[in-house]
Every structure is written in structure tokens, then in C-alpha cells.
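Here you go, one structure.
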Amino acid sequence: MGLRVTVWNEFVHEQTNDFVRTIYPDGIHEQIASHLRSQSDFEVRTATLEQSDHGLTPEVLESTDVLMWWGHAAHEKVNNEIVDRVQERVLAGMGLIVMHSSHYSKIFKRLMGTSCALCWREAAERERLWVVSPNHPITQGCGRYIEIPHAEMYGEFFDIPDPDELLFVSWFEGGEVFRSGAVWHRGRGRVFYFRPGHETYPIFYHPGVLQVLTNGVRWCAYHGNDEVIGVGKALNQKEPFEKIGPKDYVVGALRHPPTFNPGDR
Amino acid sequence: MGLRVTVWNEFVHEQTNDFVRTIYPDGIHEQIASHLRSQSDFEVRTATLEQSDHGLTPEVLESTDVLMWWGHAAHEKVNNEIVDRVQERVLAGMGLIVMHSSHYSKIFKRLMGTSCALCWREAAERERLWVVSPNHPITQGCGRYIEIPHAEMYGEFFDIPDPDELLFVSWFEGGEVFRSGAVWHRGRGRVFYFRPGHETYPIFYHPGVLQVLTNGVRWCAYHGNDEVIGVGKALNQKEPFEKIGPKDYVVGALRHPPTFNPGDR
Amino acid sequence: MGLRVTVWNEFVHEQTNDFVRTIYPDGIHEQIASHLRSQSDFEVRTATLEQSDHGLTPEVLESTDVLMWWGHAAHEKVNNEIVDRVQERVLAGMGLIVMHSSHYSKIFKRLMGTSCALCWREAAERERLWVVSPNHPITQGCGRYIEIPHAEMYGEFFDIPDPDELLFVSWFEGGEVFRSGAVWHRGRGRVFYFRPGHETYPIFYHPGVLQVLTNGVRWCAYHGNDEVIGVGKALNQKEPFEKIGPKDYVVGALRHPPTFNPGDR
Amino acid sequence: MGLRVTVWNEFVHEQTNDFVRTIYPDGIHEQIASHLRSQSDFEVRTATLEQSDHGLTPEVLESTDVLMWWGHAAHEKVNNEIVDRVQERVLAGMGLIVMHSSHYSKIFKRLMGTSCALCWREAAERERLWVVSPNHPITQGCGRYIEIPHAEMYGEFFDIPDPDELLFVSWFEGGEVFRSGAVWHRGRGRVFYFRPGHETYPIFYHPGVLQVLTNGVRWCAYHGNDEVIGVGKALNQKEPFEKIGPKDYVVGALRHPPTFNPGDR
């Protein structure tokens, strides 16, 4: 069985903006999916906001190893119930790749716990993504850096939790830097944020960007050790592993405070 | 001006259970607050679920440096609007100490992005919290470990993001271990989870536990660099810091895909 | 080409102690190697202290993807020149698995930068290694924990740098805990420390321990992005990527201190 | 008692190069020390390579809370014995601030375990250090970034272990980025690497740089929990905390391999 990828796109700009359509005539999701389909072991589907359940039914999620997310204009139109469902699947082991403006998606903010705000500028400036983690498989095949001739700028401070690993740092022509590639574990799942991409630039045709996304799918696909208990649901482990000695403490009959002396630790 | 602490308690068990009341006659919050008041530079208040806004009005939060949270039976009764408000204040720099069963509070789950589930057992067993981070101020004055004679057990797997620093690991008589003390940064705020405490044990009279909580207040009180932009709100940085060169790219007139060659990075 | 593993053993106890020889008649290295050989894609060699260059010639290291290290009584007999050579290979991308008492080996201390000291007791007590990172491939197939009936105890504080990921935490019958499985990146290489194992216990016959070591070999074998410059050797990047503007500063003719005003940042 | 700082400088360029002397007539150490002396609670000393024991006698180190290190041309002239001594003191709780070209000092490489190599260029270009950790006291008072008009460039990849916290990322005019401020724990001590500074630029007069160094001294001065055992020296904890049950295992009389079944974990 192949590695099952679902590419999700809000699919708004491409239907409302002529210029965007000249770059991504079938939508950003189709451009990404068409590249991923070149990998013989990937099984690639797409899903969009306008579909029933935004295309993310329990069945689709259950049969997805890695979900890729692209949103920009319609974050607020994503139903909270679907966000709950995606979060639950990530914690259970589904990988999630969050692209560019999806830093502000409900699902990313949900998994990070922060505002995920940042600074930005639209000036078609040059970006160079430097590899700072040559040890990570996601950076394989990228050389020392990826150069993007025209890009929207994202600058620090980027309000995310400290990444579990920082992979790329961007240099921008206008003077800013940005933590452009980073990963986090959440439950049994893996989350990868990757900055490049914007609807008005052909960035999802860039070989280096596509290489990183392909690497990202492979890395995020790991499902985790599913024998481990305690992900998503508390367990009452009534039986101890070891014999617990007799106690002078009985609930309801404890001698009362304080039972400690000042020097106790 | 002192360091302003607000101790929040759902205050349910102490009003409904006689045995709990023998241990914490004025509530867990009052026991903790009364200890913290021994620190001359602390200004300590309490707040409870039953109060208007759960006692956490914008004014109270705005004048709180560190919020301590104790919940167990009534997590679902906390209004989402108040959770939003607390989260926003943490990101803006308020410290948060999350105690024991509050691992399942809405605010902790919100800030972590995970289920925060764990394994547990109620058997009045011995716990020993080992210091694994002697370099952290929160562990100061605790010796090598803190020993608690009777405790509810919490065991791994504890579904939290990898801590920014792991401070304590618990040994339990029944055979489990648990990451009992850990810290995370969120925005400009600091979050400290500390495991000990249960309404049926006099754990909040334990000198070692009280020492750690006092240390925790001091450590979480740091407000962060409030000149940094991008926490909580995106910024459109229209003016670049550096001159951006002339571009052959103009939005709406870009030569169309692909603009990249296979060898490009 | 298979994954090339070299199992290194100081091979002292097995030649000097009859009881140890009844457990590991051909040496700990041969017991581990014989198990790893069951993996069809592994090519397994061994090397020992008494060999020329301790069996770790440049050719052997150059053709090793993962080096496993077992030392206890003879750490000081390992030549510094060989330690230099191993360190250089790890930074260049060779994986390293450090087992049990090798926490005190020269190569581990070299790569960690700390004393790597710990607390210990020899009392044939029960150990239970709990998985705290269900997301890591090294924990795959281990269930929730690994139980070892008789083991030497290692207890905290373990003087290591904060792990890049903490995988296992041990519970010991005598009352201690220990961070028993942890990984670090060093240059392009990966380092995995795994606690179990002692020459007087048949721990390297334990299916769970062998599973983790096999997983460890696979995980540590990743070579890193070898196009990245700056590992092991500084680079003078004389040509800038971007045009650097004309400066009023010329070395040797700078207007002299201070060139800054108090309000400057 | 004040916070005791020792500023160490190899003090070579300032004695051999006229231009450097016009910027730092009394040496870089004196310029830094003179600023730190403005803090009323700091007690500041200096030490240099040419002094006996490089000025770092056991007595000096024992009475130093934070050591600042500046080296460039004479790393190899530092005696290994002194490096051992400094490392031991860091593990025991002394803070260490490593500045600029000292990334290649013996003590920094010793504590990191990596090559600490990087890319560099001498072109008097503009540098902007962006704060990426607004939550860290070292970034307090720095605004969003520090701008340095003329600087030597340091670029990625910087071969260091993943920082425990990343504080600053630099943007360079010539197109590179660099992790310019980062901290690590080692034993009970704290290590802070800060990039700015070069003998041919008046960077140690820059108010933002001096602010960070002052913050760094305060942060690194924390001594750690010195009751914790296991830093620097192993401990044989003969007496268990808990009773260890009777064993069928006796060293020298164990039934021999394997004692495990394939299904065991």
C-alpha cells in the first residue's frame, strides 16, 4: 500500500482572481498533487473547502497518512467540527504539512496554542531559505539553500512555540529573516510548517520547494508507536505493576494538616 | 510594586466533600495563597469558578503577573470566552502555573494543542520527584528529589508537546514514571506544569511542593520583551528595511509557468 | 548496498571473568552482531580495543554507517587519536549508538561536552523503561514499556545536555528514575544513548532491547545533507550573494569610538 | 556580594595591530569591562592569555560567577589544562559567554562537542540581529532587532548542537543568515554564544550589543541547584530508597542464555 496523501486547498483565489488562475489554472492543490503523483509510492487525493465536510470526512481522514493544508482568505469558513476531527487524527498519527499563509489556519493555531502571527510585506522580493539542520531528512537534496526570485515576505517575530527542530531560516531582500521550516510532534503525529508559496507567485513550480514538500510527506508519514496508551484518552490503570505497601493513610481517615515538618522535602 | 499572583480554583470538591474540607477547609486556593503571602514581594489574590467571569475579569487578568490554575471536576464549566481571555494574556506575557488535575483544563489543552491525556491510579502510593534539570531556578532548594508519602499516580504516556525544559520526573511505588514538572514558552508568556496535588491528600502543605510553587511564580513572572511585534497580531511591514531592486516581476504580468528549470533550487 | 554496522567492544570482562563468559562466550559484540545479522539489509562487522587502531582504521570508519559502542573497564585505554577520528566521522554523518556503561566513554563525553556522570547501584533490581516519545521510530515495536527483570541501576542526575528528544525513562525497583534513551544531533551525525546492558546480565538477549537497538541502527544511519558547507571546516565565502553597497567604512580609516549614540540599538 | 564577572581576552590583535589599537586602545576586554562596571552590582575583573595560567587560576575561577571569552588568533595557545579547568567550573555552575570568533575557541568546542565551523566574509556589511525569543531575559531592552552598520559576516551552516533556546537570528547585507545568539545548559552551568564583535570594528561600543552582554551576564550567573548529585562525579548509591525484593538471580549463578522468550519485551 502506498503512502496516502490528501492535499487540501480552500480553493478561493483561483476561482475569483484571473491572474491567480493563469498561474494555478486547476488550483494550487492540483499543482502540488500533480507533482506528488510523480512519486510511485504516493497515492494522492485532493479536497477543498466547498466540498461536503470540506472533503475531510472521517473516512478520508482515516485513510490519509499525510494531510497538506493551504488556506489564506477563508480560514474562518472552516467548520470547528472539522478542525476537531483533523486535530484528533494528527494526535493519532496522521502527518500534517502546513503551507505559507496557512500559518493562520484554525488547525495550525489549534495545534500550536499560540497566535501564529507574523510580520509580512508584499513586494515581490528575493528570498533565500538557508538549511540550518543538515541532519534532517526534509532538507535532503536542497543544497545549502533554496533561492526564490520573487516572494511575499514573512518576518519575525513569528509567534510559534519553539520548534522541536528548526530546518530552514529565510533571508529576505528587504532586510528580514524568518524561521521558514520547522517541525513539531503532537501526540503520535508530526507537523511540518513550510513558508514558501503564495497564490500570485509560481512558487509551487519551484524544484527546490517541491523537493522539500516531497521530503516532508515522507517524514510526516510516520505513524508512531500505536501501542502507547494515553494519547487522546486517559487510562485508569487500576492494577499497579508493583505491590504497593500497606498505608497508614486511608481516604477519609487521614490525620490532618500539616502532616509535614518544615524541613521535609 | 510586588509580583501579582492570582490563585484560581474551581472550588468544587471542598464545598461538596466533607473529607476534602477537613484537609482544605478554606479551599485549595486559600492554602496555596496563604503560603505565597509569606513572600514579602508577592501580592496574592484568589479567584473561583462561581464568581462573575470566574473571577477573571479583564481587569484582574491585566493586573496579574502569574496565574495559578487548579481544576478537576468542573473543567467543562469554564466558559470558552474566559479561556480565550486567559490564553491571550499568557501570549502577552502573563505566567501560568498548571497544577495536577488541571492537565485536563481547557486552558492547558488550548496552550499545548494536544489531548493532555495520561494514565492514573488512586492508591495512595509513594511518589518521588527527581530533579533532572539542576540548572533551572524552579528546582532550587528542592535537594535531589521531593518525596511525597501518599499520592495519586499519574503515569506515561503523558500527551504533551516535548517540553522546552523537563524539570522533574516522578517515580511511583506502583511501577510507573511521569514527567512531573515541565515548562513551555507561549508567545511572551511562560507556562509551568507541576503534577503534585490532589484534593484528598494534604500535598499543598508539603514544604518541597510549596518551595517549587514559589520558585515557579518567580520564574513565570518574566514578562518578555514587549517591543517585539508579531505576538497576537500580524503586522504589515510595508516599508522594507533595505532597498528592494527593480523586478521583472509585476503582479498580473508575470511570465507564466514554469519559470523554473529542473536544476533550479 | 546494505546498511553497514560496526559493533565495537572493549572486550575486557569477557576475557577476564568466567561468569561473564558464561553469558557472553564470544563477547557482547558478537551477541549484538549475531542479532543484527538477522536483518537482511544490514552488513555487520565487529571491532575491539586490542586490535590495531582498536579496529577503527580510517577505512573501517569510512565504510561504517552506524558505529555501536560498548566500553566499561577500559575507557582510558582508548587512544585519543582514535576518539578524534570517530568524532570527525560522526560530525560527517556516521551514526553512533552508545550503550550502558559507555556513558563514560571518551567519545560520548567528547560529543556531549559534559561529565556524563550518574548515580548507580549494583543490586540486580527490576527496571521498566517507559516510552515517552511514541512518535520516534526508535520506540516502534516496544509496546508501552520494556521490562528487565534484573539490572544494574542508573539514577539521576545524569549529567548530559538536554536531549534533542527523550525516548525512554526508566523506573527502578530501588526508587530511582533515569533518562534511559535519548538522541542528539552532532554535525551531520546522529547519536543515540541507550541505557540497558551490563556484562553480568543477559540483557543483550532481551527481545525488547534488541528491537530498540535494531531500530536505533536504522534511525542513526541517516547521513545528512552533505551539500551543506560548514560542518567540520570553516568556509571563507568571499563572494557575497547580494551586492554590498558602498561603505564609508574602510578598514584602517574608520572614524573612531564611539560611532554609536546612547539611543542606538 | 556582587555578581563576579571575569572578562578574558587573548589580547593579541590590540598589541600587534595599530588600527585595532585605535579602536580598542586598552584591549577589547577593557572596553567590555568598563561598560559592565557601570552596573553597580557587578564586580568586574579581566584576565589575558599572557598572564600566568592565562589569568585563570583555580582561585580566580572559583570566585567567578560568569566568565566572558574573547579569542581569535591564538586559540591554539590556550593550554589544555586551563580548558579542563574552565570546563569543570562551567559544569559546576559558572556561566560562560562566548563572543564572536571565540566560536572556534577550545573551550566552546569542548562544551559543544562539534566542530563549531561556519562560513564567513570580511566585507564590512550591514547586519541586523532579529529577536526570535521575546520570552528570554537576554533579549530584554533590544527592541525587535539590533542593527550593526559594519560587520564581518558569519553564515550558516554553523556546526553547533541544536540550541536549548535560539535568541537571535542575523540578516546580512550579502545574503546570508546566522544563528547569532543561542544558549545551552551544560551541567549546572549556562553557556551563551553571541556573534557580534570583531577587532576591526567598534562593535563593543554599540549600545544594543552592550545591553545584550549585560543581560547575558545576569542570565548566565545562575549557579544551579548544588544539592543535585551526579554532576562531574559518579555516585555509588549503595542503599536503595525502596526495599528490593528477593531475587532468583545471584551474580555468578544465573541460569544461562537466553532467559527471554521471543515475545518478551
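Per-chain residue numbering starts at 1, and chain names A, B, C and D are given in the order in which the chains are listed.
In this section, contacts are C-beta pairs under 8 Å (C-beta built on N, C-alpha and C of every residue); 3 or more make two chains touch, one makes a residue touch a chain.
Quick caveat, the model's predicted, so the values are computed rather than measured.
Chemist: Between chain B and chain C, two touching copies, which fits better, same or different residues at the interface, with half of the numbers shared as the threshold?
Modeler: same
Chemist: Could you let me know which interface, A-B or A-C, is made of more C-beta pairs in contact?
Modeler: Result: the pair with more contacts is A-B.
Chemist: Using only Cα atoms to place each chain's centre, name the chain farthest from chain B.
Modeler: It is C whose centre lies farthest from that of chain B.
Chemist: Give me the superposition rotation angle from chain B to chain D, based on Cα atoms, as a multiple of 5 degrees.
Modeler: 180
Chemist: From the mean C-alpha coordinate of chain A to that of chain C, what's the distance rounded to whole Å?
Modeler: 30
Chemist: How many angstrom lie between the centres of chain B and chain C, each centre taken as the mean Cα position?
Modeler: Taking the mean C-alpha position of each chain, the two centres sit 33 Å apart.
Chemist: Just give me the whole-number Å value for how far the CA centre of chain A lies from that of chain B.
Modeler: That gives a centre separation of 23 Å.
Chemist: Please output the residue numbers of chain B that touch at least 2 other chains, ranges allowed.
Modeler: 126, 128, 131, 133-134, 142-144, 155-158, 162, 164-165, 173, 175-176, 185, 187, 228-229, 231, 241-242
Chemist: Quick check on the complex: what are the chain D residues that touch chain C?
Modeler: Touch residues, chain D against chain C: 19, 22-23, 87, 91, 104, 110-115, 117-121, 123-126, 142-143, 145-147, 149-150, 153, 155-159, 161-162, 164, 173-176, 184-187, 200-202, 205-208, 228-238, 240-242, 244-245, 247, 249-252, 254, 256-265.
Chemist: Help me check something: in the complex, which residues belonging to chain C touch chain A?
Modeler: 126, 128, 131, 133-137, 139-144, 164-165, 173, 185, 187-190, 222, 224-229, 231, 241-242
Chemist: Applying the document's contact rule, which stretches of chain D touch chain A when the two form their complex?
Modeler: It is residues 128, 130-134, 144, 155-158, 162, 165-166, 169-172, 175-177, 179 of chain D that touch chain A.
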